[in-house]
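What follows is a group of structures, each given as structure tokens.
Below are two complexes that have subunit A in common, paired first with subunit B and then with subunit C.
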Partner chain A sequence: MYVAVKGGEAAIRNAHRLLADRRRGDRMVPAISLEQIVGQLALAVDRVMTEGSLYDRELAALAIKQARGDMIEAIFLLRAYRTTLPRFGYSQPINTGGMLVERRVSATYKDLPGGQLLGPTFDYTHRLLDPSLATDDEPEAPESRPQEDETMLRVSEILAHEGLIEGDGAMPEDHEIGDITREPLEFPMERDTRLQALSRGDEGFLLALGYSTQRGYARNHPFAGEIRIGEVEIEIDVPELDFPVSLGRIRVTECQMVNQFKGSAKAPPQFTRGYGLVFGQSERKAMAMALCDRALRARELGEDIIAPAQDEEFVISHSDNVQATGFVEHLKLPHYVDFQAELDLVRRMRREFEKRQTGDDERKEAAE
Partner chain B sequence: MSTETIARYNFAYLDEQTKRMIRRAILKGIAIPGYQVPFASREMPMPYGWGTGGVQVTASVIGPGDVLKVIDQGADDTTNAVSIRAFFQKVAEIAVTTHTGEATIIQTRHRIPEKPLQEGQILVYQVPIPEPLRFLEPRETETRKMHALEEYGLMHVKLYEDIAKHGHIATTYAYPVKVEGRYVMDPSPTPKFDNPKMHMSPALQLFGAGREKRIYAIPPYTRVESLDFEDHPFEIQKFDQPCALCGGTDVYLDEVILDDRGGRMFVCSDTDHCEERREAGHTGHMSEEAAQ
Partner chain C sequence: MTPRNHQTTERRREAMAILAAAPARDLMRLWEQSGLPDDAQLLRGPETGLVTLRGRMGGGGAPFNFGEATVTRATVKLPEGEVGHAYALGRDLEKVRVAAIIDALRQRAEHAELVEERILSPLRQALAEADTRKRAETAATKVDFFTLVRGED
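Coming up: the complex of A and B.
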């Protein structure tokens, strides 16, 4: 006897209880603390803050813990929380030229004012598993140096002295900076909203697209003009005061790609730029973002659009991993009603096919 | 979640500013039936593709006096319907029902209830891909132009090619409709069986696509015609047998597999409709009454 399936509510409740248990893992082992995640899984926290579009280490750590380390799930948790927060206003643009720099490398100049600073990088580490990390061995304290008095000139400013590189890019006078979290995306986009979308775009997706431009799909000869990581001040205008007020500092990674450009009907030969900016320390994402930004400027610079990375609607529509994962995973929701409709159609079409086949056979026999 | 945490959310989860923005989009949608209005869809605490558009529409039109019904595949007890209903119970503390007739708002995925809707009721559809032309032209920039110019030739060619190849139109769900003689619209992935219910419905029909950031609407008593040709008129699915539990005909049926030897039965997809019929004494050949 068929009984209509009931008990969805109890099933969901039990599933979530089991999930909470699995998330906790072996109860003999101490639970991981948010401080541990913030301190020791800092780059995971940075990625969740960047793609979750919310700068809050503790909440990002909470999201990572709750998501059992699933990064996209953690990003999703942070985004869903972010939506509920009131919007007080928009900060002044951050000034990365005035950054308190911890790492700064340029691939275009051997030496430059401020010098090359390696900072905390995986670069040049030999990727050999380190057994000492399996124990509680404490590493040596780092070397430190006194803070430089002068701010570090950005490489783009050095090139700008000679007029060899395009400017920072200006929006029309009456253009208000868009906000992709408040207005629906519309294509074609302006660079302001496109950069916002790229900044929260999936690291893996942008990495693959950036890589594709290096392999000839819209090759644009990039040089890593500069990558800098460090802290910048966030300032906000308060109506009652005639000076901006500092809210504090955030850590960001900025990448300026310098690209060869032969010139077009619209622009003289000069170096052009691709730009990447993300929260925390994430060079890979910032560099991939800069490659994609430059590729997506094809229309603006009068280049032929011939490769996926240049196709704005394709790239931006599919770069958000929260959207992508939702829609891909929705396939596991019940679809029996539509499947029933398709079953009915396939059965009917098969009947028609078989009828035609037997009809053919009979005709053949009659002809023989 | 503790009560303190809930208290931090507004009634029906969304803040009032967001609701106003969504209501404006809904009003525009009602003013231009079948037109896809872009709106600044928010991240919801459930995944994109799982009804975030419908949830945002419901959250924007629901009030404390409303009675909500949520169905998925026609049933009130499918997991995602249970989850969305529980969400509104938590964040809006509204009354819920499984009875189509008692509901003031019905949020649905993939079905329209069998019981005809009444004036004053709102049917909210969850929409995955709002653009009926998407599978013919993937670019939004192109499809918006096609709608603006009422250039629907491509769609008719597709339907014609189906007929040329298969002898009939091979679209069984998300079957395109024309609204009030102007916009071609995707009815969401409901089976084409449900298309005629949209025509001249006394209820307000609202469509929310969260991931794609579109809202559209069919006001009450609006013409909704399924696309077809004079010599190949639109037809809905017909089932060979009635519901095995309530004996209902002219209803959409789910096929339920009973064993591994090809045994199967057909039952109403609309669980509330089936239950009401059984309460009224109707029986099918496999219902308990019939077994006794």
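Coming up: the complex of A and C.
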């Protein structure tokens, strides 16, 4: 027999109304606008776009507002929205070498062509809270220095000349590019599919795994060969036009991790590489992604798989925070019937346990 | 493709890139001031969808998908028959509809010059200025290394 228990409609309705009120906050204070979120909480917007896997600043800002600043909830909202749109196609691969660079640093070469451009970075700040931000004081306009438009070589291209570093990463000629939004995850994965999963993976999870490799769990001796942030043009081939159409530009962060490698049965000693590519200015995420990408290439490079960060199925299956939160958070939904069944079971086991104990005691007494 | 055709294609491609990159506000203001005819039939859209974005592993290696972006597209037809297309990142339907009309108008000799003069040229200039400003602001954060010499020799 199955008995459905209904109820809670009014409670749910009122809970959502209460949520809307609490989200609004003090009504004496002006409501925050999407433009303010896009402009002033820009890195939160970038994270939501990256892990929501959708580049649209206004929508990400809306999601952050709707989620009251709960990032994973916002990411969830954006992911859900994505599924409502038709797909027009795949872009041509972006050319990060042709980027309008806003920041570019290398920890491996001091004097690289184009130089070290710090851009709008938190690095070298003292991490002291700035009371002036609690007021309406306007900051100074940025300094500027005339600059020719020059293409900046990627560091990997510079190193490539010596032959001591592996190439950018190739796939077999006939390989069809994987797409985890179309095909369910399958293990073992190809590197392209893995990179897609890592790009949208949870920043905290990948950061912790990247950190674990630095602490010795699959140590891979990384250097930040290059980090660059800036705008790249997106182009797409469409049937109605005989040339690729530009859609405009998006901001991305790219991280080229360069890892010392002592060689294995499969590969000679050289520098190997990990790659990170994410939306917006998301440097920590790009670095974590690159560390994980490198660790997950263990099989390909003939390394022993001994640490969590090298375990592809473990890493990729648990890197998606929308899936993770769905499964963890579903625990709070009613499990009344499940629990009743478990309760009966535990009661019965307990009775049997106690009966055995009493039996044992009686036997012991009889023996004495 | 003949050289002449190639040049026409290249110009159209550049014009479409400018229209896609232009901020909606600027494009709409110039459009409204241009006095160009708004008379066009919508063949498709404007409609918003997704484009899956591709990168290359290591920057220049094998391609992979790394996310999606919202994209809006429109196709229009002028009463004279020219068909215009527009694509742009984002969800601004009106901007893309207008961009498609502009793409169609610039194919007609009597409008091409006006489109160039009143819309494309100012947009091109504004975009270039914005890039120059951004480059200059970034350049000011360039590290100028110097060496400290210590000791006698």
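Here is the rule we go by: the second predicted complex is superposed on the first by the 356 of 368 C-alpha atoms of A that agree within 3 Å, B and C clash if a C-alpha of one lies under 4 Å from a C-alpha of the other, contacts with A are read in each partner's own complex, and residues count from 1 in each chain.
Operating definition for what follows: contacts are C-beta pairs under 8 Å (C-beta built on N, C-alpha and C of every residue); 3 or more make two chains touch, one makes a residue touch a chain.
Just so we're clear, the structure is a prediction, and the values are computed from it rather than from any experiment.
A.B. asks: Considering only touches as defined above, state whether A:L333 meets subunit B (first), subunit C (second), both or neither.
C.D. replies: First partner only.
A.B. asks: Regarding the shared-chain residue A:L185, is it in contact with subunit B (first), subunit C (second), both, or neither?
C.D. replies: Only subunit B is touched by A:L185; subunit C is not.
A.B. asks: Which partner reaches more residues of subunit A, subunit B or subunit C?
C.D. replies: Between subunit B and subunit C, the winner on subunit A residue contacts is C.
A.B. asks: In the superposed arrangement, which partner chain does A:P142 touch: subunit B (first), subunit C (second), both, or neither?
C.D. replies: A:P142 sits against subunit C, while subunit B stays out of touch.
A.B. asks: Once chain A of both complexes is superposed, is A:E313 in touch with subunit B (first), subunit C (second), both, or neither?
C.D. replies: Once the two structures are laid over each other on A, A:E313 reaches subunit B alone.
A.B. asks: I'd like to know which partner A:A11 touches here: subunit B for first, subunit C for second, both or neither.
C.D. replies: In the superposition, A:A11 contacts subunit B only.
A.B. asks: One more residue to check, A:T358. First (subunit B), second (subunit C), both or neither?
C.D. replies: Neither subunit B nor subunit C is touched by A:T358.
A.B. asks: After the superposition on A, what does A:S264 contact: first (subunit B), second (subunit C), both or neither?
C.D. replies: A:S264 sits against neither subunit B nor subunit C.
A.B. asks: Considering only the touch criterion stated at the top, classify A:S33 as touching first (subunit B), second (subunit C), both, or neither.
C.D. replies: In the superposed model, A:S33 contacts neither subunit B nor subunit C.
A.B. asks: Quick check for you: in the superposed arrangement, does A:T193 touch first (subunit B), second (subunit C), both or neither?
C.D. replies: second
A.B. asks: Could you list which residues of subunit A make contact with subunit B in one structure and with subunit C in the other?
C.D. replies: Shared contact residues on subunit A (touching subunit B in one complex, subunit C in the other): 82, 86, 181.
A.B. asks: In their shared complex, at which residues does subunit A touch subunit B?
C.D. replies: Contacts found on subunit A: 1-2, 4-9, 11-12, 76, 79-80, 82-84, 86, 181-188, 313, 317, 322-323, 325-330, 333-338, 340-345, 349, 352.
A.B. asks: Touching residues of subunit C toward subunit A in the complex: what are they?
C.D. replies: Within the complex, subunit C touches subunit A at residues 9-10, 12-13, 16-17, 20-21, 47-71, 73, 75, 85, 87-91, 131, 133-143, 145.
A.B. asks: Which of the residues in subunit B come into contact with subunit A in the complex?
C.D. replies: 8-9, 13, 15, 38-45, 47-50, 52, 72-75, 77-83, 86, 109-111, 128, 139-141, 166-167, 170, 172-174, 189-193, 211, 213, 237, 244-245, 252-256, 258, 265, 267, 269, 271, 274, 286, 288, 291
A.B. asks: Going by the contact rule at the top, pick out the subunit A residues touching subunit C in the complex.
C.D. replies: 49-50, 53-56, 58-59, 82, 85-94, 96-97, 100-103, 110-111, 115-120, 142-147, 149, 154, 156-157, 167-171, 175, 177-181, 191-193, 195-196, 199-200, 233-234, 236, 238, 240-250, 252, 254, 256, 273, 275, 277-279
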